Each structure stands twice: as C-alpha cells, then as structure tokens.
Amino acid sequence: MNKVVQNAIEAIRGIESQMTLMLGGFGLCGIPENCIAALAATDITGLTCISNNAGIDGFGLGMLLRRHQIEKMISSYVGENKEFERQLLSRELEVELIPQGTLAERIRAGGAGIPAFYVPAGYGTEVAEGKPVRQFGDKMYLEEQWLKADFSIVKAWKGDTNGNLIYRYVANNFNHAMAMAGKITIAEVEELVPVGALEPNHIHTPGVFVQRIFQGQNYEKRIEFATTRD
Amino acid sequence: MNKVVQNAIEAIRGIESQMTLMLGGFGLCGIPENCIAALAATDITGLTCISNNAGIDGFGLGMLLRRHQIEKMISSYVGENKEFERQLLSRELEVELIPQGTLAERIRAGGAGIPAFYVPAGYGTEVAEGKPVRQFGDKMYLEEQWLKADFSIVKAWKGDTNGNLIYRYVANNFNHAMAMAGKITIAEVEELVPVGALEPNHIHTPGVFVQRIFQGQNYEKRIEFATTRD
Amino acid sequence: MALDKNGIAKRIAQELRDGYYVNLGIGIPTLVANYVPPGMQIILQSENGLLGIGPFPAKNEIDPDLINAGKQTITALPGAAFFDSSMSFAMIRGGHIDLTVLGAFEVSETGDIASWKIPGKLVKGMGGAMDLVASARNIIVAMMHTNPQGESKLLKKCTLPLTGVGVVKKIVSDLAVLDVTPQGFKLLERAPGVSVEDILNATEGNLIIEGDIPEMLI
Amino acid sequence: MALDKNGIAKRIAQELRDGYYVNLGIGIPTLVANYVPPGMQIILQSENGLLGIGPFPAKNEIDPDLINAGKQTITALPGAAFFDSSMSFAMIRGGHIDLTVLGAFEVSETGDIASWKIPGKLVKGMGGAMDLVASARNIIVAMMHTNPQGESKLLKKCTLPLTGVGVVKKIVSDLAVLDVTPQGFKLLERAPGVSVEDILNATEGNLIIEGDIPEMLI
C-alpha cells in the first residue's frame, strides 16, 4: 500500500475537465492551498466545484475562477469575490446555493452510502423548489440527496502514511465530510508522519477514506478578517 | 451551568417506568456500569432499552433483565444471555432486531434531526417488512426512521465539567451516537476533569449533547472472550 | 428613544439563561456576547465547528485556524470543543442549541423571516441561516423596526425571498419586544420613551396590544 | 480432498490485494488474516470501531477496551484508527471497504445469502451482517459446500430467512471456487483431488462448467 505522493502535481493526476470536485475549507480556513495552486497551473476547465465558499480574488478558488476553470459552484455562501460576481452576472459561471447544514449533510451522506434523507432547512423557501416535501410529526421536511465527487481535495494538519488525518481547530470544517465523499480523495497535510506517530484515539478522518496524501509546502493561511480585542 | 452530579443514583433521577432508554456499549465494552447498577437497584419497570446487545447473565443489561425491568429490547445481536433467552421464549420480553449499521445510523439521525433516510441493509429480507422501498440508481433501499430516547446513558473514558467526552479505543462504539439522541443524556466517565484539561481538538462528543456527568466508580470492565496469542 | 444596536443586544441578553448554548448571527446578534450577565455561563457555538467561542484575540494570539462563521479571528475558551461541519449542523438541526439570535430584513406576523436575498442585488448565499431558523428551539430576531425610509419591516407577509416559514418566536427591535403568536405580533415591551402608538405606526402586521405595555428595563 | 477450514481461508487469502481494506466475519473468515501473503499490507476493519486489527494480544496485553466484533480481545497495529459505530457503518455502507468475507448457511444461484436465522432455533440477531452484505463492493462467502447430512448449501433458492438479496459475488467452499453470475454458479476451481462431478453432485443450484476446471493452487 502506498498512498504517499510527492507533491500536489502528482496528487491531482487524473483530474480532468468537466469533473466534479469537492474542496474543503470555510472561507480561506482549511483550504487545500497546494492542490488549488497546482490545478490553477493546468488547462483543466469546466469543473463543478463543491465548496462552502469560492475563495477571494486571486486566492483559494479565486485562482481557478480567474482562469475560468470553474463552470459551476455548489456552495452556501459566495461573497468576498469580485471576479466571482462578474462571472455570475455575465452568466459565465453557474451557481447552486445550498443551505450550509444541508450541504454538509449531503456530502456526509455521499460518503456514508445514504442516497436521500429529510431535513427541515429551506422548507417553504426557494430552496424547496422541485424537492419532495414530507411531514414528520408536526414539522415539514425536504428530501435531499447525497453529493459525491470524482475527486475530493482536503487539507489536514497532520496525516500519516495510512491516510489517517487530524485537523487543527476550525480548519476541519468541510474537510472531514468531503474526505468521505470522493471517489478518490486527496489529502494535503502540513505534517506527514509515519504510521504509529498519531494517537489512534485522536484520528478525525480514518485513512480508509484517503487514497493519496502528501506534505504540502509554503502554506499562506491567509486571514480574511483579522479582528482583535486590542 | 452545572452538569456535574455526584453519582449514578443522582444521575438517573427522572427515569421512570415505561420510558425509552439508550445504553451505550458493544458487548460489555464501554457499557455504563454504574448507571446500570443504579437502575437495577430501583423499582423502575417496563423499560424499552435501545442497546446493541443485552449484556450477559447477571452483568450489564443482564442485571435489569434478571429483575424483569425491561419490556422491550431494540438491538442488533442478543446472544450470550440465558435469562434473556428464557424471557424471550416465554414472551415476557419483546425484541426488535435491527441491522447494526442501521441501528447506529437511526440513532445518529435522532440526534442530528433527520427524521428518515434510506439504506440498502435489509432490502429483500424480513427487516424490510412494512418499510417503504425505493430505488436510487440501480440499487434498492429501505426507508428507515430516526430513533430517540427519553434518556441516553453513555460511558466515556474522560469527560470535563462542560460535558465534553473522550472515549478509549473501541469502547466508543454506540456511545457517541447515543449521546446525541437522548432528550437527556447522562455520561459516566472514568475520569472527570475540569474544563481546560482536555485538548479541544481531541473531543469525540461535544458537551452540548450531555446534560449530566459524573465520575463512575469500581469499573469491572469484564471481558467476554479473552483471546490471546500465547 | 429608540434603542441603538447595543441597546438591542443588551435587551436580548436578558433572554439568556445559565447554561444556554447559543448561536449568534453576524451583526447586532454578535454584540449580545458583550452583555452576558456576570456569573452566567453561556456557551457560544460557531457553525464552522466550535463550541466555546472566547473574546477576540490579542494581536499576538491571532490564529488563521481559529475563525468564527463571519470569518473573523477569534479565541476558544477552556472547555471548548472543535468538530466538523456535518457534526455542527447535526447539533443545530437536532435542536441541541438552546437559542439562535439572528438579523432579518423582514419578519411576517406568522413568523416567516426574510434575511438572505434581495432581488436585483447580488446574491451571496444563505450560509447557515436556513438551517438555523428551521431547527432552533428558540429564535430571537434582532432588527430595526423600520427601514431607513420609515417603512415597517414587521409585515403581514414578507415581500422578500424567505429564509424560513413560521419559525420566528420573538423579536427585539429598536422600538419593542414582541412575541410572534398565532394571532400576530404581540407587544410585550416598549423601548424607553417609545409610545405604543409609535410602535403601532411602525408595524404593518397585526399588532396585539393587551393591557399596559411596560417599558423595557435596560 | 475437500479443504479444511484453514484451506478455505488460505484460498480466500489469494483474493487479497495490497492496500485492501477488509472486513472478516466470525469463523472461517477470521482465519484469512493468518494467510496474508508476506509483504502485502491489508488493513482489517472491525465494525465495532477499528481500522487496523493486529494479532491477538499476549496475556499481559489484554485490554477490555480493545475487542473485535466477535468480542474477542485483540490488538491494534501502528497506524490504526478508532471511531464510533455510526462512522464505522458509514465506511461500510459508503462502499469504502474493498472486501468482505463472511460465512453463510445457504447461498442461492442468484447471489442471495442466508446466514443469520434458523426458524425454530433461538434468534440471536443479524449484528452487522445485513449492512455488510448490502454494501460491500466485493463479497466472498466462505462455507462448506454441503451440510453434515450431505445436502447442498448452494441452492436454486435459499430456504432460510435471507440476510441479503443478490449480493454474493464469489464463494470459496471446501470443494470449489465459484463466481455467482446472472446464469448461476460458475465453477472456477476445484479443491485438490475433488472432481467436477463431486462438485456437481454437491450443488443444487445451476452449476456452469465451461472448459477444463483447474485445481486450486494452494
């Protein structure tokens, strides 16, 4: 078994135009910086990207947007990005907005083999359009279906060569569920360690979900809104 | 906020006859020994117990069975218990058998506010009787509904006074999902520590799910099948 | 005198109870954290994966892996827990959060809320708002009673795309505290110096006024 | 000569590939772990919450918090991961386990399997068997070809309550290796010294015999 690849270029091998990708992160927190940069250096286009947000101008998924590599975004919130707005208004880009919790659960369901389930979020709103509605108890619910991806690209803090992952603080966010839902899951980590170096009781994402892993480089970890009490 | 109670007797206050309880553990591993013993010292009867297994004669849920406190078991596997068999054959006890993964997911769904979902397990078997069947892709699925409990009783390794829990090895099993699904969740822990003593990145069950917590005593941690390579 | 943003936050803080798990939305709701009564323990949830939000960090404490749902840098209190997004919304959807406070463009007398989309303006997305309003056991909306043009935002029927239907339980505006009841907005308290008539004039939806309406104690 | 239990396990071990995640059921399947080819890394899942089952413990290593799905004490290998039951079956249901090996009372020529309940005998429950057979990408059944009375357990139709419908892909019995195909049991290999006729006689379901059937290499 060898899941270890040398770098992002090797990791993204097999990703092709028109594929569906999941990319972890919330805002710029916990995004797979190395793989995004590697994708931005390819000619791959027509991507459907499932990601809670769409990066900012020139960083994160903004790097792929700038190069018109994304055809469709599936997200819960897409502010903070002028190029995104421009492409949206000019209809170069399609956007599907999904309530954040429904998005997270649809991704988990994709990984957990659950094709459909019911949630209350969005009932009676435009999100409900075209979705079966059902009452349980005295409450109304929408039927939602799983989401899967050709490739999931996630970022973790530490990982071992078996693919076990540990995230740091809120940099987990969508990474864990997305790792479960990729046909092939690529994990980039700040620190790649040998098996035995991680405490098995502390693993967030078991290695069974990860097919490729590498130690990333030069993480910028940009901050969108530095807010201090000083 | 004070979730800390002194002992199992205080912890189980409010549990009444005819209630539905969830009890963590797989076999005798990770069972809430203190609370089970405390329940066995009460006159509470007619309980519906959701637990993967039913203990052994005289230990674990076997203690409640012996005193005829359980009316119905909802489990995936109930071997290893003669008194259980006797009560089942004499129809003193009702048993509902559920595939283990479906049981775990129904419990998680109860905690996660998902009233129903689809799984392939049990399609075409007697488990499917009375359940809606649906095709997704080329595969058939059963509709399964959430499970909830009046009280969930779980056992963890370490816990803090905010109710955050960490399990040890496979003693987690059903405890985590059950902690999510109780109207009131009681956690007994081997070691109760002040807030700040647990690394927030290592928490398995966030404290929001736990209403009462105490440090248990005299854990026996019996082993069903001691198997060695010697 | 109508309340300012901090006044609204202060009044909402009176709804807190010891041990509550609370999710505070962006804007006025965030300010509620500044007015937690002394001695009371409130645990704040951030839907991007944290229970136990602490104060904003000192400059030298800033950590890019520690942000809130508004993407601001934050700290975590002792006894905090981190988790992934599916777990975070399991908490929310499962009804484990005691109180959600969020802003709104409009609320209807039947408890509908519009808070995420204005036709003609660029749509940024609903984030977690639809999940929060559909699932919270208890929702308080923090809002201005009228828009800058003086038009009521407490309506018979929302005009903007909805975030949720029949979900709002209570409103704290710059003018009043109101319950949303099956009969409409029930006036509970007036802002200091604001008259019942002022509130009536500022409320398009059905306003229920029973007996003397006390002034808020702030 | 028909294979014994270890022989069946040895033959099944030939189906393993480097890097496979494998769930081994109780009984003969457990023995497969003893025959993993040297140099090949197989990660064994225990559905009670472990990836990376190691050998049984030495006497002084026994830990009550470390058992397998058969409730036997075990060890965990370096690089193991622990998790809860809902995550464990998310793995199984989501198709992340490469191979499941389990026993059976009966298998039908259409891939149905009966393995958990015998009417008239006390029912202990299906445990995780229904989840495993309904979800695994690849299922091998390890079984005796006939019961002690010599009656075939590879049937046209199962007579016992089912565990799953149309799920079995391959069978390794004491007499043969067979694929389950849309046309029925396709004979692939004979146990050493066992004739095609022996297998034909022991198989009630439709047996497809094409060309020369080689002996197993064990």
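By written order: A, B, C and D. Residues from 1 in each chain.
Quick note on the criterion: a residue touches a chain if its C-beta (ideal position, glycine included) is under 8 Å from a C-beta of that chain, and two chains touch if they have at least 3 such contacts.
Remember, predicted model here, so these are calculated numbers, not experimental data.
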item	value
Co-neighbours of chain C and chain A - touch as defined	B
Minimal step count in the chain contact network, chain C to chain D	2
Between the pairs B-D and B-C, the one where more C-beta pairs touch	B-D
Rounded Å distance, chain B centre to chain D centre (Cα mean)	29
Where chain A and chain B are represented by their mean Cα positions, the distance between them in whole Å	33
Centre-to-centre distance between chain D and chain A (centres being mean Cα positions), rounded to whole Å	36
Residues of chain D whose C-beta touches two or more other chains	76, 82-83, 89-90, 92-93, 135
Residues of chain A whose C-beta touches two or more other chains	105, 108, 112-114, 119-120, 167-169, 200-201
Touching pairs - complete list by chain label	A-B, A-C, A-D, B-C, B-D
Chain D residues touching chain B - in the complex, by the definition given at the top	46-50, 55-59, 61-67, 69-74, 76, 82-86, 88-90, 92-93, 112, 122-131, 134-135, 161-166
Residue ranges of chain C in contact with chain B within the complex	18-19, 21, 41, 43, 45, 51-52, 76-83, 87, 89-97, 135
Interface residues, chain B side, partner chain A - complex	105, 109, 112-120, 134, 136-137, 141, 145, 166-169, 200-202
Chain B - residues contacting chain D, complex	26-30, 52, 75-80, 85, 88-89, 97, 99-105, 107-108, 119-127, 157, 167-177, 204, 221-230
Sites on chain A touched by chain D in the complex	1-3, 108, 110-114, 160-162, 164, 180, 195-196, 198, 200-201, 203, 206-209
